[in-house]
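Sharing a structure, written as structure tokens. Questions coming.
Chain nomenclature is as follows: A, B and C, assigned in order of appearance, with residue numbering initiated at 1 for each chain independently.
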Amino acid sequence: MAYKFKLQQFEGPLDLLLQLIEQEEMDINQIALAHVTDQYLRYLNDSKDILPEELADFLVVAAKLLLIKSKSLLPGLQVDDDEGTDLERQLKMYKEFYEASKVLHKMILKRHFSFTREKMVVKIDRVFNPPKHLTSEKLRELFSDVLASLEVWVSMEHDVIIKTVSIRERIRNIQEMIGTKATLHFNELMKTAKNKTEVIVTFLAILELVKQRWVGVVQEGTFSDIVVRKIEGAEGEVVKETI
Amino acid sequence: MTTKQLIESLLFISGRPMSESKLAEITQKDVKEVRGAAEELMSGWNVPERGVHIIKTGSSYQMATNPELAYLVKDFVKAEQSGELSRPSLETLTIIAYRGPITKAELEQIRGVNCSLILRNLLIKGLVEAHEDQEKMATVYTITFDLLKFLGINRVEELPEYQKLNSDENLRKLLEQKIEQASDEPVPPAVSQAEEK
Amino acid sequence: MTTKQLIESLLFISGRPMSESKLAEITQKDVKEVRGAAEELMSGWNVPERGVHIIKTGSSYQMATNPELAYLVKDFVKAEQSGELSRPSLETLTIIAYRGPITKAELEQIRGVNCSLILRNLLIKGLVEAHEDQEKMATVYTITFDLLKFLGINRVEELPEYQKLNSDENLRKLLEQKIEQASDEPVPPAVSQAEEK
């Protein structure tokens, strides 16, 4: 199924999810969440609108969706139910405030502003009144503190870009690894992930490759390692629009 | 001299926001008395037929014109009122207005996305204020007088459906009701189609 | 909207005497109606239990403190001039010391919060002063000569580690980022008023 509709620009993962569900004219529940999982993942993969610093938040929601989806596909699957209802509740809560924000917007558009007086009605003469214990050294200390606090803002964007790996990059990465090895062990693959976000990205990448019949996965026993194997005849770049 | 009189006078002289503690310091009354008198003042002043209202956010008060008179006052003070709020700003401000004082973590829980940058922007624009909450040992955010003035309300409690959205308890009940309702409903036929592929 | 309401709001926002003819011009009512409404307002406001009165000189009206409370005005002025600086105020002061002359926008970019009230407070206490920068077409702030003397130095360059701290790399980056960000950001809702003439 190809998606043809165009979404408005979205603000964060919950907004994207809400728009997808509303597009399908469904209520917010587990069924609806499972239903839009694929669309959500595809948006995540294709969208250029997602800011690097927000990618991690989108991935957390993706992981929760996958859990809900896997439950709907395998009713016997024993998984903790909390994540699913959490996401459902969170999305409902978000919707309440999203609706409220539209009401506030209307209030603002009415332009019924209040105004306050900037000038005092009395004139206040300036008197020199320095803080009693202020010294040059104290000023230096305070300013150094201020400078130290800037670090986080200056380095923020830079860091996020370096640290996060996109799903597409990860797919390419796995394809290369499998090209030289033919089979890969899931656990090995996960070891190359540097943080929780990358674990989810890796998982999503494998799922995408399975869906596109580029790799197959085999698991011998319930808790044994999953083997990822390249499917015979699968070559070249992954095509995006396959399903 | 009554405390009400003193506060009325101080709010008029200053024209700016004044905190309960500042008012208490100047009038040499205790904070509780100041709060009681200020609330009484508000209920006297904030009626449609008055041209001037008293607005409140957190524990500060300010005198402001009745929002119904905006059309007249804006020409007199030559206010710039250009500008629109972006969607993320509006969404964030709505949550802070209804749920403030709120921590960054709580805000992010509702929006589902990191809010560091948007908070910083709103702080710089003076639409949001940060305070240290001693009990929670965390920074909490509230809206400012500028946002109240922009919305044309005297205090956040006047926002539509404030009681419902302000309290976690009310909201939780509301949401749970909906979940129960949903689960009682017969499964819609759409489900079979839902699992495409 | 009643004429009374309109006059009340205009007298408050101006804080200065306004003539009947001026009030009539703004409210687009005739002078007689303005006079009648103003007289009515006066009889409502000018009672002992109110903190604010409306006084009339010739054919002009002004909102003012109840004369009984004249002492309160003095207490207010004193409270504004004295008082210890809060941590945010101190931080702002040091930024002005090490980076002045600096604009309000630059200050806010560094501190990440709106600085209007803090700047006003520092100005009243004679710690910083404002100048017009012809090139930047903006108001810039520097610390006062009084503060330099108090610190026992003749110029800001004599502050400890001035060269190093003044030309901090992160500070430069942050101020550059600001310019990039500012261009694609929505305009903030400017409710703050321009100076009335």
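Keep in mind that, in the parts below, a contact is a pair of C-beta atoms (placed from the backbone, for glycine too) under 8 Å apart; a residue touches a chain by one contact, two chains touch by 3 or more.
For clarity, every value in this text was computed on a predicted model and none was experimentally measured.
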* Chain closest to the middle [Cα centroid of all protein chains] -> B
* Could you pull out the chain whose C-alpha mean position is farthest off from that of chain C? => A
* Asked: Rounded to the nearest whole Å, what is the centre-to-centre distance of chain A and chain B, using the mean of the C-alpha atoms as each centre?
  -> 29
* Asked: Distance from the CA centroid of chain A to that of chain C, rounded to the nearest Å?
  -> 42
* To do: With chain centres taken as the means of their Cα atoms, state the distance from chain B to chain C in Å.
  => 23
* Structure fact -> Going by residue number, chain B touches two or more other chains at 12-16, 63, 65-66, 68, 73, 77, 79, 81, 85, 120, 149-150
* To do: Would you mind listing the residues of chain A that make contact with two or more other chains?
  => 108, 113-122, 153
* Structure fact -> Listed in rising order, the residues of chain B that touch chain A in the complex are 12-16, 53, 55, 62-68, 70, 73-74, 77, 79, 81, 85, 87-88, 90-91, 93-95, 97-98, 109-114, 116-117, 120, 145, 148-153, 159-161, 165, 171, 174-175, 178-179, 182-183, 187-188, 190-191, 194-197
* Structure fact -> Touching chain A in the complex, chain C uses residues 12-16, 63-65, 73, 76-77, 80-82, 84-85, 90-91, 93-95, 97-98, 110-112, 123-127, 144, 146-147, 150-153, 158-161, 165, 168, 170-171, 173-174, 177, 189, 191-193, 195
* Would you tell me which residues of chain A are touching chain C in their complex? => 108, 113-122, 124-132, 134-137, 139-140, 142-147, 150-151, 153-154
* Asked: Mind pulling up the chain C residues that touch chain B in the complex?
  -> 1-2, 4-10, 12-15, 26-27, 49-52, 63, 65-66, 68-69, 72-73, 75-76, 79, 108-109, 112-114, 116-117, 185-197
* Once bound in the complex, which stretches of chain B touch chain C? -> 1-2, 4-10, 12-17, 22, 25-27, 49-52, 63, 65-66, 68-69, 72-73, 75-86, 89, 120-121, 123-127, 129-130, 146, 149-150
